[in-house]
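Look for chain A in each of the two complexes below; its partner is chain B in the first and chain C in the second.
Showing the complex of A and B:
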């Protein structure tokens, strides 16, 4: 502790929240609240979430991205988050790492999507050094040409957030809820999910990943762990969250519309 | 269709009539009939002095582009008729495009608006949120103004460069000028200055200060004119070089008698030339604002920290004759074309040997905890001057590296530094710093600590100076001056002096290195 403190004198402060199994909706709510109402730098690591959940980007349309019949049948929760980007299915095998920073927290870093993405890849290059052929490919973290980490960002006037969902492990049947997206990175070359992604557990132990991530963060920030109970973050705030859990009615309506349109096009 | 020549003549006659009446100190004339000057039409001239003064110029000095540029604008400004000024808001509308978000994104999806038509907007206020690929981005306003028209709705795809919305940007408000038409026409010269100043003042009071580059401000200072009194013809009311020159010329004209003789015109011409010459000089002394980025910013942070530490400096001269011979012999035996032997690796290795004996110089001080941590690894930082600024990468665990290994690692770091490709691990974790400022020049420097380290060594240039041996015999010796900067909270003069003696011994007598080698 002493050594890391002395090394970090002069670096900006970053508060670290370490969770395990916290519901992804609560995590997203906290993130957005910290982004918009805090003026400090934060790192949130959530080591797995509780139930399998589908998380779409801010402009995600369920009918286009999900196989709604199965989703409704299996009663899988669907969330629309406040950041851009694509759709993921998350569960206890997903590790989430989020950075919330003031725009001048990292010296020389311009608060735009690509520079932030590049900076994050430098940080994770330290984490994965010696463990696999890691790189940033378009906007994904890959080993070789298999994606294991998806990113999304939100940039406001003075701050930005960059969050990642890491596929430490996943269940093939959960991936089956997702359609092949219309908008995909070029390197995907129309591969289906199971051909496109890979499991991080084949490359490194889970605890090692978390520890190395924190160590990598320490090269940029003076990290201070804080205890934050997931529940209390939501109870006390009057903050209006953009991240929403879609209701069953909304999903049913979307499913109905899409069936209706298909029906129409067939009849024509 | 009235030809331009006839129009000009009519206009000139109208002006002359008015001037005569002015000289007789009568009340203002009734407005002259509508005339056209180029493309502008004016309903009346309620402030004719200004018109007259400038009206002369285009007819007598058709070649003077400067005045041509200025006149229609100035007349507009001085035309205190509300109708004419109704045209102004139209020219105050600015189209706000979707700007490039710093990458090759061609289009974004508009997600939501934070403002609506009619809303007052401050500079830097968020206008809307867009999504580009993986990111949602808040677009903020460059201007202060009012939203006049929203072009896109949420869900639309907007190409980069397309107009997102239109805003009325605040500049001189027309309605304010109507009440300020001067009634008394004392002398034309005074009126010219007063009216233009009034116009400028009002403009100034609306915007709270003029927009102008440092070069233009400098120019205004040279002429002794108040830039806030100058009407800007640039974008957003920005004051340009031409505006300053014109204003200076006007001021000169102000002092002239009111007779509109050829002489005065010539004088005007003459002044013009003069001002142009000065302008040419003025451009040479342009200030430049440098944004603080990257290494510069890091340097500001670390030096601000260093300023809080109580430094002391210890200076010593080291005889490098043996080192020069050693380097020469290394180079002679060198078969590897990739490797180039320099003094630095040997100095780094001997430094590490000395640190083994005096480990306190290789420590870090934590002010908060009031703790000294003696570092186990000798991670020697080497200060490097790159085109991007000062950077200090370090060589890890020097105590376990050979001189050759240090040479190779140093070369690797130097290459990365020049290419601005150093990774965070290369520049963090240093325990002591070496600054070879002598490579550039200088006898010795007075280095500032690289916090949280407690010592730093600046090496001066190797100089051949005469040295005495025993009785008055002189011989030339390669002398290098070193300056050790140390944190006086951790180290005292005696410790640093002893450390330096040890290091000096290894450099002056390299064979001692072999004695202590493990």
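Showing the complex of A and C:
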């Protein structure tokens, strides 16, 4: 037995899926299904998604969060996902890392939002050691006081998911689709998007990030890579996802309602 | 909050008193919901222990009235900042009423988890479901032991 094999003895198994450019809707659908129907631990790394897409949290309201005229004009897809948290614009410059775990997979970890968030920051501290002033700040991953990673979670009776969208790079024009959110972390201090976020590519190469992430996961789990095709055949095609792509009609209705309310408030 | 006059020190001090579910409550320890019998209905909510660990609740996903619920299975969710957490029913039956107040005031789950923060009322299909739940004393002890482990 090699030294690394010896180290892995006793660690829980985690299956690793590595994708490149898979559509974010497909990723979210798979995650939700694995959370609800699998009994195994999973890590999914999706290196970029194919088209720019807006992804809101479970309670996201398009009229409050998005500049809908631009979104509709540019035909940007809008998704409402199954996890909590805020709104992101994702594209080929976004790297996604997801952990789906049984509640006892990490010894001593209570399956609640803050303990899971803290544990994730310990894992990523290993990833970013030596590459920047990394920390977890009010649920965001930051270098200094600039956000580069947004987190969200979903917790069921016996399992949890923690997923992150990392801004390896982004298009400034895409950030313009987002309004300043009403609910924002205190450290944001009313900065607009471009002053608040930073690009990971200014700190570390993309392939180094993915490799170091897998290495960090190996300190907690015995990692086994699996192929996407093999997984898809085992999934139940009847599973009902709560993650939804909003229709053009829904976005137009939200835009209309927003204009109507604005008109009403001006006339009062 | 409770204001207490300390006669020997001639001072007042404010104490935070944790909300307590009535002794007639039952508890699902594996997912931290409570249930209280009210006439023909069972009122369901999440416990003070749960809301304390979840953080500020910003949204509650409610079922429709008329929906079926199954003991131990999810019927809705609460969102707290970055996380959604399933709410599981401690009893089986049919939802007869949901707490619509939570649509505009989800924080009721935090400030009054056992009273105004109730989530659904259920017409129970089997009162025997209560036999598998904990009473108040057992649940309190369970939570203390769980917190002590971490």
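In this section, the second predicted complex is superposed on the first by the 256 of 268 C-alpha atoms of A that agree within 3 Å, B and C clash if a C-alpha of one lies under 4 Å from a C-alpha of the other, contacts with A are read in each partner's own complex, and residues count from 1 in each chain.
The rule is simple: a contact is a pair of C-beta atoms (placed from the backbone, for glycine too) under 8 Å apart; a residue touches a chain by one contact, two chains touch by 3 or more.
As the structure is a prediction and not an experimental result, all values here were calculated from the model.
Overlay on chain A: chain B and chain C clash in the combined arrangement.
Once chain A of one complex is fitted onto chain A of the other, the partner contacts of A:152 extend to both chain B and chain C. When the two structures are aligned on the shared chain, A:226 is found in touch with neither chain B nor chain C.
More residues of chain A are touched by B (comparison of chain B with chain C). Shared-chain residue A:10: touches chain B; no touch with chain C.
When the two complexes are overlaid on their common chain A, residue A:113 makes contact with chain B and with chain C alike. Of the two partner chains, both chain B and chain C are touched by A:83.
By the document's definition of touching, of the two partners only chain B reaches A:126; chain C does not. Contacts of A:194 after superposition on the shared chain: neither chain B nor chain C is touched.
Once the complexes are superposed on chain A, the part of chain B occupying the same space as chain C corresponds, among 57-65, 75-83 or 129-137, to 129-137. Shared interface residues of chain A, touching chain B in one complex and chain C in the other, are 57-59, 82-86, 108, 110, 112-117, 139, 151-157.
Note for the complex: chain B touches chain A at residues 101-103, 105, 109, 111, 124, 126, 131-138, 140, 155, 293-295, 297-298, 301-302, 305, 364-369, 371, 373, 423-425, 428-429, 451-452. Within the complex, the chain C residues that touch chain A are 30-31, 53-55, 58-59, 61, 72, 74, 77, 79-86, 88, 146, 149-150. Residues 57-59, 82-86, 108-110, 112-117, 139, 151-157, 183 of chain A are the ones that touch chain C when the two sit in their complex. On the chain A side of its complex with chain B, the touching residues are 2-3, 5-7, 9-10, 57-59, 82-86, 107-108, 110, 112-117, 122-123, 125-126, 139, 151-157, 219-220.
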